[in-house]
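What follows are several structures.
Same chain, two partners: subunit A is paired with subunit B first, then with subunit C.
Our next item is the complex of A and B:
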């Protein structure tokens, strides 16, 4: 009996072992080509020369940052081995990882970093934020660099790794920068797990596995840590029609489809060949007022706009299914180190048309029709603009709706006259509050905001930039929210998520703010 | 005949110049800033000014016009603002897919259209006539975007016979390239067939009533010869006009089909260029389409002499 029991136990153990071996063999499979369907084409592949986030999203596979963000939006050294921040916040000493190979066959060293940094500082939107505070950079040796600032500069590492648009600082081979200078780079040599094999404008970008890739030893978490290129090739296909992207997933022609219609969510969920990926944090619907001309050159008129709008109604009109949107007053989502629960208290989401009318009267609004300028090609922008028009008209405000294609909107909103309200999607994943400085303050971006309040906001950012202690800095961020919801230069209506879908044979896909395919593999 | 062709070709020059002038001013005066499109949402004013200078867009319009015209006369359309490559090179690359699809669609459409039209005319007021009219009516009425999505759903998603989208040339995929051609070509061909069938039916009905057809029949010539040699050839003038006109539309690029099937052709290029305000590319596309219309009209006019030798060219 005992013998039988032992034999049975051994048999069970063996079976379990074989089964687990076969499962692990099925998992983490190397090889194959992944076809991703992305929604729009790009002009070129040079992130320093465009704020188009699509370029960064694809080229994240080719170029890597000194620092990268992990899943919890914590900055982690990536091409950097370690770093020290001087106590006064004026110096950042960065030690580079050794033996990191680049696509040109050479080892990455401080010269590559310095050349890339100099270009990033001059051309890149992220570099432009840092540049006014930057003093100099010193190369100690091939693997050690010191970045110096004239005054304490707190957001440096966060901006270096910024996931907003194209802002991240990435390391390119020095010889490529010498060859192209400020012009658009058309030959690429980075340190990423994939290298550019072929780019056919308006059709596709093919990336090929980089055999000599030198991975980070940190634990993998979104953009930070170890990246393993399981796939031999990644092809980004530019497919503008969302239904074609969906059909491609249904047939297995694509394994990833970006931004598919949310109204088909239930259909996708019912299909065992399809996995749905709701991205959060992802985007926010931001209402921007033209603060340079009446009536929104007066803060009471801007406050009135917040009270005049029923945000929940707008959520259903703009996005629809509430699984894809949520009300949020803060510019940083819950869980983000810079989130503030108390942001917008007493004004955000308080639908009070009577108070709105009082505030408009206080602002001496003369009844001139308000012009809403918005894009007609994006559902959120178009439906949102129409719903805002309806809600404002309900309380007796005359509204003129101007819907145009994107180039026309971009041109018109850059002017001082001709528009009052503009609706635009912003990236929610903002790792440092300083990044908001790019569009918040005196005459920043398109707000035409130039008043006592805008200068107060400038002053808040000036203090925020210098404060290196997190707790102290957080207090300044709370001041920023107080000022923002008092003077309301623009405001977040709600947060919303895009819906991506993947074919079920694509394994280990992580729904990050920008899609990436290292550490993913294709099941047979 | 030769003098006529030379005269017509010479007449092309002022037409093209007028089209070029209109193309330049329309594209430069339409709203939308290409520089801000290239630079993305959060470009600073400094970045905008820098790129404007690089692209020469900071010059006065009239100076840009004369410099552009002198280059266009030499066949240089400049560089694409968005694709960062010479426009002529970009356009040449895009002609091939459009040409392959246009020719395939034209062959299928004309064959099907002639078959339906002749069948309808020969079986006038019979069931086959009604059938042909119904099919051709569908061809004209069904919007191409709907038909293409239906074809994708049935033949790509359900049956998996063809790919959902994409394009491969014969040099890339050999005979496999046909798989990518079938759905877009058939979508376009269906509309072509409808137009050709209706025109063929009406022209054939007129011709079949003529005395010479009755004479041919009474001489004992076979029905097939009467229809194909005597009736069809004489009915071809209006049909060839429709075919020529539609072929010009196809060669100019059918942006809906090219967008849905992601075919990198001239229509796809033109619509993307408009969306991005890639002005040099839009200008070249307008001139290219005008040129296609003019050349195909000339070919249609010349072909009239073949179908009706009584036509003399002066």
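Our next item is the complex of A and C:
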């Protein structure tokens, strides 16, 4: 009896083991070609030579950073094995991972990193942010580098891994950089899980699995950690019409479609062949005022604008379905190390038209019509501008709406005169609070802000850049929020998300701010 | 009344049908402020994309605005554009056409210039001008008028040439009548029917092209309602809110169709050669 019991138990255990193994084998499958439909074409594939985030989005599969951001927007070493920051914040010592193979068959070493860093510093928008503070870089050996700064420079690692646009520092093979210099690179050799197989401009980019890929040993989390290339090939098809991208998913031609209409969300959800992917954190709708001319050269007029607008109503008008937008006063989303839940208290989202009128009177607003300058190609910008006009007119402000194509808007908003209000989508996944310095402060970006308040803001950023201790720096970030919501040089109306869709046979897709396809596989 | 009786007598169903439809459309446009309690530009985004109901006869759009209200105000805008274009093309077309037809020395210069303009499709000229001048109701009125007036001028010129050598005109000239007197009293009066027919076609074309320009984003600026603009905005919501595109689409079809029917009918009605055949 005892023998029978033991044999039964062993049989059950074996069956369970075989079953679990077969399930596991069924779940993670190697091979196949993924067809992705992305919304626009690119001019070339060199991230250092463009601000087009679409290039980074595709080439993230080919090139990797020394540091990468994880799901919680925390920076993690990637091609770096480890790092130390000197106590005075002037030196960053980085140890490289050994045995990382590149697409040219060579092992990555410090020379590749130095050549790539030098080019990044000169050409890349992210490098340009770091360059004024940078002093020198020293190679200790093939796997150890020291980056040196003249003054303490806190945001360095975050900017190296920046998920914004093309800013991330990636490691390219030294021989490629020697060959192309500052020119646009047309041959690619990185360390990523995929290498470039073929690029047909305006049609598609095909990436092929890199068999000698050397993965990180850290746990996989968005761009950080282990990357497993299950797919043999990834084809990025450039499809500008969103409805064509949707049709491609419905018919099974594509397994991924980027940015599809949010209003069709319920239709997608009802289709068992389609999985919806809501991106969070993703973007924010930012209202910028021209602070160089009346009435918004007065902070009371800018505060009035916040009280005059019903943000919730704007959410419905700009984005629609509330599953895709949320009110948020902070410039970093909840869960981000730089999020502040007290930001904008007492002013953000307080819809009070009467107070708005009082503040406008206090600012001596003379009733001159306000010009809203906005793009008409993007639904958020166009619909937001129309809705803002409607709300401002309700409190008796005359508004002139000017909707143009993107290049015209960019040209007009760069001028001091001719506009008062501009609406623009900003990326929410900024790597570091220092990035906000680029559009906040005296005469930064298009705000034309030059006053006592703007100089106070400059001073806050001066302290922020030098503070390397997180807790102390966080207090400075809170000061920034307080000053921002008091002087209101611009403000975040709401956060919103894009909607991607995937075919149900694409497994383990992670909805990150830039789409990636390592660690995903195609079910049979 | 006599005209109406003649139409009835002629049993011309096209003209009657077209006139009835146009009367309804004009009435909707003229009485827009009393036919609806809503403002065409006021948002209520919390009630966006609601299907047709008793409260919103044709549903609401992406800003929660009443679609019926925007439709009838949109017709107003289209009618304003149509009328303005008809008047401007008629004025410039008649002046240029009469000069070319009545004075042979000017004919060659004017007609070669007009031939050059007519080598390009009217909508291409209108798009180019609207793109240069910028969007807006007045700009598209001028752009469309500039695009259509050569055809009107050519028609007037042909009519003037065929009339100016008829005996009664020569008689007037023989008794010492001045050119102005002859043109206004003998020639233009007899050009009325081709001008009228062409004007109805221009009206239809102007409505259609205003819709096209607004659709392309260089027509009437939002949030002012226009039929073309409503279709542009509705495109993104076709699968989830089809009522947004149906009503302006049907309205454009009805307006253009009835104006074309009216033009065809008037041409037949006013053509003495066809009068007998219609009667039979």
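As a working rule, the second predicted complex is superposed on the first by the 508 of 524 C-alpha atoms of A that agree within 3 Å, B and C clash if a C-alpha of one lies under 4 Å from a C-alpha of the other, contacts with A are read in each partner's own complex, and residues count from 1 in each chain.
Simple rule for what comes next: a contact is a pair of C-beta atoms (placed from the backbone, for glycine too) under 8 Å apart; a residue touches a chain by one contact, two chains touch by 3 or more.
Remember, it's a predicted structure, so these values are computed and weren't measured experimentally.
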Subunit C versus subunit B on the shared subunit A, clash or fit after superposition: fit
Touched partner set for A:247, first subunit B, second subunit C, both or neither: first
First (subunit B), second (subunit C), both or neither touched by A:202: first
Chain touching more of subunit A, residue-wise (subunit B, subunit C): B
First, second, both or neither for A:228, with subunit B first and subunit C second: neither
Touched partner set for A:93, first subunit B, second subunit C, both or neither: neither
Partner chain in contact with A:276 - subunit B first, subunit C second, else both or neither: neither
First, second, both or neither for A:510, with subunit B first and subunit C second: neither
First, second, both or neither for A:106, with subunit B first and subunit C second: neither
Superposition-derived minimum Cα distance between subunit C and subunit B (Å): 7
Subunit B and subunit C footprints on subunit A, overlapping residues: 405
Residue ranges of subunit B touching subunit A (in the complex, touch as defined): 31-34, 36-44, 46-47, 82-85, 90, 149, 152-153, 156-157, 160, 163-167, 259-262, 264, 268-269, 272, 275-277
List of subunit C residues in touch with subunit A within their complex: 41-43, 45-46, 48-49, 62-64, 135, 217, 221-223, 236-237, 239-241
In the complex with subunit C, residue positions of subunit A that touch it: 261, 263-264, 266-267, 312-317, 320, 376, 379, 382-383, 386-387, 389-391, 401, 403, 405
List of subunit A residues in touch with subunit B within their complex: 41, 43-44, 50-53, 123, 125, 128, 165-166, 184, 186, 200-203, 237-241, 243-244, 247-248, 250-251, 253, 404-408, 410-412, 414, 424, 438-439, 445
